[in-house]
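Let me begin by handing over the structure; questions about it come next.
As written, the chain order gives the labels A, B, C, D, E and F, with residue 1 at the start of each chain.
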Amino acid sequence: MPDLGKYAVEVLGAYGATLVLLAALVLVSLRRGRAARAALDAAEAEGHRHG
Amino acid sequence: MSLWQYANPVKFLTLSARLQPTLWAAAAICVGTALIWGFFFTPDDIRQGSTVKIIYLHVPAALMAINAWFMMLVTSLIWLVRRHHVSALAAKAAAPVGLVMTLIALITGALWGQPMWGTWWVWDPRLTSFLILFLFYLGYIALWEAVEDPDTAADLTSMLCLVGSVFAVLSRYAVKFWNQGLHQGTSVPVVTGGRSVADVFFYPLVLSMLGFGLLFVALVLYRTGTEIRLRRTRALQARMGRDL
Amino acid sequence: MRALLKRDLALAFRAGGGFGLGLAFFLIVTLLVPFSIGPEPGLLSAIAPGVLWLGALLACLLSLDRLLALDYEDGTLDLLATAPLPLEAALSVKALAHWLTTGLPLVLAAPLFGLLLNLAPSGYVWLVASLALGTPALSVIGTFGAALTVGIKRGGLLMSLLILPLYVPTLIFGAEAARRGAEGLAATTPLAMLAGITCACVALMPFASAAVLRMGLR
Amino acid sequence: MRALLKRDLALAFRAGGGFGLGLAFFLIVTLLVPFSIGPEPGLLSAIAPGVLWLGALLACLLSLDRLLALDYEDGTLDLLATAPLPLEAALSVKALAHWLTTGLPLVLAAPLFGLLLNLAPSGYVWLVASLALGTPALSVIGTFGAALTVGIKRGGLLMSLLILPLYVPTLIFGAEAARRGAEGLAATTPLAMLAGITCACVALMPFASAAVLRMGLR
Amino acid sequence: MFEPLPLVVSDLAIARGGVPVLQGLSFTLAPGGALVLRGANGAGKTTLLRTLAGLQAPLGGRIVGAEEQIAYAGHADGLKAMLSVVENLRFWAEVFGQGDIKPALDAYALQPLADRLAGTLSAGQKRRLGLARLLVTGRPVWVLDEPTVSLDAAAVAMFADAVRAHLGQGGAALIATHIDLGLDAEVLEVGTFRADPVARAGASDEAFL
Amino acid sequence: MFEPLPLVVSDLAIARGGVPVLQGLSFTLAPGGALVLRGANGAGKTTLLRTLAGLQAPLGGRIVGAEEQIAYAGHADGLKAMLSVVENLRFWAEVFGQGDIKPALDAYALQPLADRLAGTLSAGQKRRLGLARLLVTGRPVWVLDEPTVSLDAAAVAMFADAVRAHLGQGGAALIATHIDLGLDAEVLEVGTFRADPVARAGASDEAFL
């Protein structure tokens, strides 16, 4: 851990906030993507049953 | 072989599925390396102390925030002129990414401002322009959400993007006229190649910018795929549900 | 086109119409400012030009809300879109009617409201000039926003969100001109910029609005 | 009643609904203030509490516009008036839904906006407290105004005009509490007054609103 | 099974916009009975039905048995464009304290549309949803203003069936309409109760005459 | 007297909300002819009429002779509640460059209501005013979506007379309706052109299938 001096809060805050935001963005994207995939698979399966 | 063939959703999905693993891996490696390098292995600046480490987050995020809007402008134009659905959906997919990048730039900037300028926020032209950009993203996303019919939504948001871009440029001039500002000038002018940042700070910064760029591309490809699947689901359901 | 203008004006003057209400809103915002920020005359006169411009902008924005929404709801827009009148012209006329019933009264009443806020004596001319040059742009840009959100229920606030960033340049140059005027500085540059923005908007925005409206009606 | 609350919240969160837009409007007003009155930090921090209160009030006001109007237009109000639910309860619930989707987010976001306007550090607590105590009154009084103007096309601006005077006491005490807090003075008296106003309004206004609405539907 | 009192209207006089429209109107609607209101455009049918539903006050006369008994359906359907068919119906069911919406969906063949947003329905589909709402009110007296507007023949038959089932359960219905519904109902011609324009009894302007 | 080209529709395909509704529709509407559209609720009549009026784009096929020829009247009447009957009518007459509104007032017996605000009319009176608007457009091809909703028998007869007179002058009319108008007109059953849900022609979602 580097010595951040008197600016530790700001620097750590900046890194923390950025990583949290990026992680949230990626996770939300992945969750939505999975949901969309599942919905599509369900719709396609049903479509085949209907002919 | 025309480039436009990738405007076909199926072709697009196939290609993007092939590209994505590489992109995600490269993005993770670049961002990870750059941030670890920047955070642990660069010295403090004489004037700014350890806050200089924020640059590896702030600048790439700011860059991507602007580029995302630019990309949306181009894809919107493609949709309006050639009506390729993938293009419109790519714009839709990019907006939240741009919004988050803008937010990161604003937050890291504010955190940087507190030690450097003694205040979280000043009405500096660059900062102000960014806030306006943030609003544009919000409005653009809200409009996508509010319109029921997907093609109409694509049309309307594309027009908003177009008109909004003109006004964004205008705002930039207006804001500069209104207040001269505290913010740094550009220190990495791509055109001239000259720069005002020492090499120790510069290399991780470039790596970080590359990483953020790759991350942006990977995210947009993935999210565009999601949008395509949602549209396809909708189409299938409509086909089955319309039995009246 | 004359018919449309006449009708919009007639509707504005009828009970429940928009005329005078923009003005009233402007008045009330100006009145509420001293209540909310306190009554010191020095502070008030420092912020007077800005508050007046902001009030004018908000009054404009509020009255835009139903510029097209009412016509959409009762089917008039569909019928207008099939009428021989080009939609661009119809929207220009509607923007003009909006300006005549909202912007113009604000311009004329602004000096009075300036008194309420201790505006510096040198500021009146510039305030009126900047409002007169700037409010047409507000109406025209607003029409674009209204066309974008037509057909969206509860579109009013979404419209505000979409329009306000578009209003930024007009507001900056307008308020800057009024402020510099009040402080006795040269205000011709921002005024010229303002005039430029207004001319460009009046000439070009109706096309964008009509395009957007056609998409929205579909 | 639960059903009504659930429905109103669901509608607010749907596309085109009101949630977040009040917040956006608040943001935009705060943003436009520096554009119109200039960027000096000293001036800004002097007017910050007042501007924030005024912005909250206007955001509330704007979103009230269609609180009842939409339900009136599609006939829901007629049907609700004939339902077993007393109209007083229905209107209280609607006011509650309005506060949850507009007032509460404003309260939570206010500190952030305080940053933009250089609010003095001691002011944050008082700002949030005064908004939390005051915004419910704004929603309830606003419901009264909406009931008063239901059925009037383009009633939005008329409603603003009618409501704004009713908002004055709330605004005065609220802004005063926030201002004194920011200046480090004792702010409990205005805060107590504000709490009193809110309690009285929440308890009594729904009866007035329901009475007025019954007349308006006729 | 309902146990409603009969709806008894005696010597009713009503006005719209301060102008008397009908007067001297009396009728009794017994449980199990239906009454069809007829009358030219502007005769005052809508005004009468709104008065019975309690949405406006009568000028004179008495209405007994209406309070909390009436389910009203007017020209507008009270649907939210941004809620789905099921959500719209469930909302009204909850407001009226009823539980199950399935019978209502079935009666108007709305199952295939159940998850569509109400705003995307066609005119007739919207109307069907509006009529289905009556079935979730649990109220005995239906007061309907031109219920069959924009319905096709099949949907009109659904409506007639629903009314018949309602009457069979001891409900009652008062229907203003211009077309023939194929219901076995008494007909009331409102035109014969037209308010006398000279001896205008008790309009709000009367005090000035 | 009009001299319109016939309205020729060939192989038209239309969609609503991105979902194809009708396809393979062809017909010719000659001057002096009337065509009645029939079809169950949700069959796509409104969508078809809006497409012909140019309010939405077709998915495929051609429409010839519609431009600037069509007067459209949809579910909503386009009336301003705060303008009087005469003012409403005169506005549309001016927009369409016509002069005289008296024939229109007479055709629908609106003279007694001439100075009333449109907002105070009854449902049927409003509709009459909405139909009177067609007479001041001077357009040869009337495209009407359920024009007789809430009209009483007398008003339906007025409407039928107005259509007959219009056809007699060489005009043409395309009318979607669920009731019998007593007009001598061809009938087009739109149900037979239902878009095939599997072989969907060119809907906006098609790219995704």
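Keep in mind that, in the parts below, contacts are C-beta pairs under 8 Å (C-beta built on N, C-alpha and C of every residue); 3 or more make two chains touch, one makes a residue touch a chain.
For reference, the UniProt names are A = Heme exporter protein D; B = Heme exporter protein C; C, D = Heme exporter protein B; E, F = Heme ABC exporter ATP-binding protein CcmA.
Bear in mind the structure is a predicted one, so any value in this text is a computation, not a measurement.
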Field: Shared interface numbering between chain F and chain E [over half = same, under half = different]
entry: same
Query: Quick one: how far do you have to rotate chain C to sit on chain D, C-alpha fit, nearest 5 degrees?
result: 180
Task: Tally the contacting C-beta pairs at the A-B interface and at the B-D interface, and name the larger one.
output: A-B
- request: Tell me which chain's centre, taken as the mean of its C-alpha atoms, is farthest from chain D.
  value: F
- prompt: How many angstrom between the C-alpha centroids of chain C and chain A?
  reply: 41
Field: Whole-Å gap between the CA centroids of chain C and chain F
entry: 37
Message: From the mean C-alpha coordinate of chain B to that of chain E, what's the distance rounded to whole Å?
response: 56
Task: Round to the nearest whole Å and give the separation of the Cα centres of chain A and chain F.
output: 51
- line: Multi-chain contacts in chain E, i.e. residues touching at least two other chains, fall at 75, 81-82, 120, 125
Field: In chain C, residues with contacts to at least two other chains
entry: 15-17, 73, 152-153, 155, 158, 161, 164-165, 168, 172, 218
Sequence positions of chain B contacting 2 or more other chains: 132, 135, 138, 142, 146-149, 178, 232, 236, 239-240, 244
Field: Interfacial residue positions of chain D with respect to chain B in the complex
entry: 15-16, 20-21, 24, 27-28, 31, 34-35, 38-39, 41, 44, 115-116, 118
Task: Quick one: which bits of chain B touch chain F in the complex? Just the residue numbers, please.
output: 8-9, 85, 148-151, 228, 231-232, 234-236, 238-240, 242, 244
Statement: chain C partner, complex, touching residues on chain F are 50, 53-57, 68, 70-72, 74-83, 87, 90-92, 94-97, 133
Query: Taking the complex as given, what residues does chain D use to touch chain E?
result: 2-4, 6-7, 10-11, 14-17, 73-76, 78-85, 217-218
Message: Going by the contact rule set out above, which residues of chain C touch chain B in the complex?
response: 144, 148-149, 152, 155, 158, 161-162, 164-166, 168-169, 172-173, 176, 189-190, 193, 197, 208, 211-212, 215-216, 218
